[in-house]
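Presented sequentially are two complexes of subunit A, the first with subunit B as partner and the second with subunit C.
Coming up: the complex of A and B.
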């Protein structure tokens, strides 16, 4: 099988199983709304400071929702030892990894479809096309890294401890560039440079995670 | 005295030499007075930490490529020493910032990325502790070590890429007077020797720990951690 069709098959498997159980996305959507409620109590919001605080709330909610999502990404594989079965097929580990990452990206985008409208509704900030683009670009890179480390810790005892510890520091480039971009977009500035930086990080981590996939997936 | 004890004593003596150059030889700064003397060890530790993390990177590549245990042990040793030198850099930087900037900490790109560097390699050490010892821990740690190194150039160029409170490079920009430059270069060299000795000692400890782990199933005598330095080679 060609790598692309392997990746698509793996992604479709994950998405089908999510569609049948409908566990992760509804739980994460609730999680995101709760995060916004907590932010409302933590900050003193008014119409003047909303554009300054909302970007921070966005990234906080997204990062922690992402951690929960990636913690689950390999749960089914672990419980049924199906990763070993997939690796026994002639499919390359990089293609299997790409499929897992693709499914994770799509699930996270589904959560963002709740997060961004909720942010616009509750905090009265403008969520335009460039905000959506920025968040999507960050999602791609974050999902690559998140999936790689999720695969890695899936076989470790203390995986709940390790996943945030490993993933969060390496997500920081995306938060830095994405944070700058969203601040500029919500505040009415130019975000071109930050979005370009985000794209650079995406390409860098796309290459690195594909190279590393073999060492992480194979035992 | 073992080879390691001699090397350790030599490294400590060299640090005393560096102290002479820092506190007595180097001229006093016209604006910052005594506080500026933090510069020598602060910058040396930072560059040494970069060096240690480069060893972690190369060790990780070496392990993934050739499954070389030597490379893996070297990476383990260098990660620990690198975290120590990053800690020194951060603490000395904060002590310097208080009198000069009026605050211990500011969320500037250099400071933030250095803190992230510390967290990444502290995470590396956690992976080593939490993953199953042997192949799994070594592979996972190698991946973390390779990805983590991305932060090193970010730390280094942060002062050029962003507007930072932290000053830009002074040494390569030839902004130091001769006396200060000499003191800096000597401190730098001594810190490098110290780090190399620390890595060598830690490498020896890791070798013994590996041997101990292998011997756990066999009824071989176990070497207690305290006696590591005097153990026969």
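Coming up: the complex of A and C.
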């Protein structure tokens, strides 16, 4: 029970801080809309090929928004020396990490609440419940990995460069499976296999990152 | 009974020796002042005592157990004030304490009592980022005593505190074992039973006993 209450306290603390400062989500939402506007003008698409282009734009916007969101998750803690204050308590690093990842997931979901309707508006594609589920599943796994590497590079000066270098290769499975699933759903096909694969990746990385959190968070 | 037994504590940063074979002990309920000029190794020693840093060499026992091996369990019995305040600037002083109370697994009623003890009542609802440096230091001390630790490790706790600081610290230290790093010999005389001098990572002389003024 205690790890759960610690994780929830950490997540609530991050969300309260973001709600009061409004540093991240408004900027990310603007970035997402701008990315879609640029893609709207940059790609030559019509009603026939929109379902082929829109998933790519969706994942590109999500990946870059995610890198910014996860990068901030631990950088601020290191700058304020508050991560050490948390680690100086009996709370387990895995619980602290879970709380940070949960907050990052919720913040990215808030950005997706802007991204998905905007995608439907700009590209004229159908965003149904299956597309939303696929994006949410990918967000969970990507957030776990993103937060793990963000914690790893937070003490490094070149963290803005290192984070994408470490994270992007391991996000490829999510982008491939998520891209296939969204494309199938927008085209009216079945995405069951790709969604099942995303779920497998989520479970795998949830376990791996929880085990690695202890070694990453503690010096 | 010894609260702390440090044997041959050595710490290196690369090839640089920060602490060189330090031996000392602290009895339960005793207050030890660590004195030394800048770069003497005081902060490194205190971080090791707080289990924030693992010594490169040597053994440290706190309350009879290996401090590094049992660090997670021991942290429930240690309160640490470091150089960096480590507060969340958007959260109020009270919310900061409530958050750390959850992480410590402490009784939530301790928050109000600690705010009262540290004289933070008037600013309890103000964001920590808007507190004066002195109040931020009080908040850091409040966080360190929130879980009623038996050992306090305080790195220059008087920094930015006003004239009430020594009395406040005296109240906080009561009934606890404490190790305090300070530049202020007068404060050491007022709060501590003994001093331990450090110079360039080495002990200077033998730990001296002070005339305690309580």
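In this section, the second predicted complex is superposed on the first by the 218 of 219 C-alpha atoms of A that agree within 3 Å, B and C clash if a C-alpha of one lies under 4 Å from a C-alpha of the other, contacts with A are read in each partner's own complex, and residues count from 1 in each chain.
Assume contacts are C-beta pairs under 8 Å (C-beta built on N, C-alpha and C of every residue); 3 or more make two chains touch, one makes a residue touch a chain.
Please read these numbers as outputs of a predicted model, since none were measured by experiment.
S.K.: Quick check for you: in the superposed arrangement, does A:91 touch first (subunit B), second (subunit C), both or neither?
M.R.: second
S.K.: So, does A:16 touch the first partner subunit B, the second partner subunit C, both, or neither?
M.R.: second
S.K.: Identify the partner contact of A:157: answer first if only subunit B is touched, second if only subunit C is, both if each is, neither if none is.
M.R.: A:157 sits against subunit B, while subunit C stays out of touch.
S.K.: Given the touch rule stated above, what does A:126 touch, subunit B (first), subunit C (second), both, or neither?
M.R.: Neither subunit B nor subunit C is touched by A:126.
S.K.: Using the superposition on chain A as set up above, list the residues of subunit A that contact both subunit B and subunit C.
M.R.: 219
S.K.: Applying the document's contact rule, which stretches of subunit A touch subunit C when the two form their complex?
M.R.: 2, 5-6, 9-10, 13, 16-17, 20-21, 80-82, 84-92, 96, 219
S.K.: State the interface residues of subunit B toward subunit A in the complex, per the touch definition above.
M.R.: Going through subunit B, the ones touching subunit A are 64, 116, 119-120, 123, 126-127, 130-132, 136, 139-140, 142-144, 146-148, 150-151, 154.
S.K.: Show which residues of subunit C lie in contact with subunit A when the two form their complex.
M.R.: Residue positions touching the partner: 50-53, 72-73, 75-76, 78, 80, 82, 84-91, 95, 99-100, 102-105, 127, 143, 147.
S.K.: Along subunit A, where are the residues that touch subunit B in the complex?
M.R.: 145, 148, 152, 155-158, 161-162, 165-166, 168-170, 172-173, 204, 208, 212, 215-216, 219
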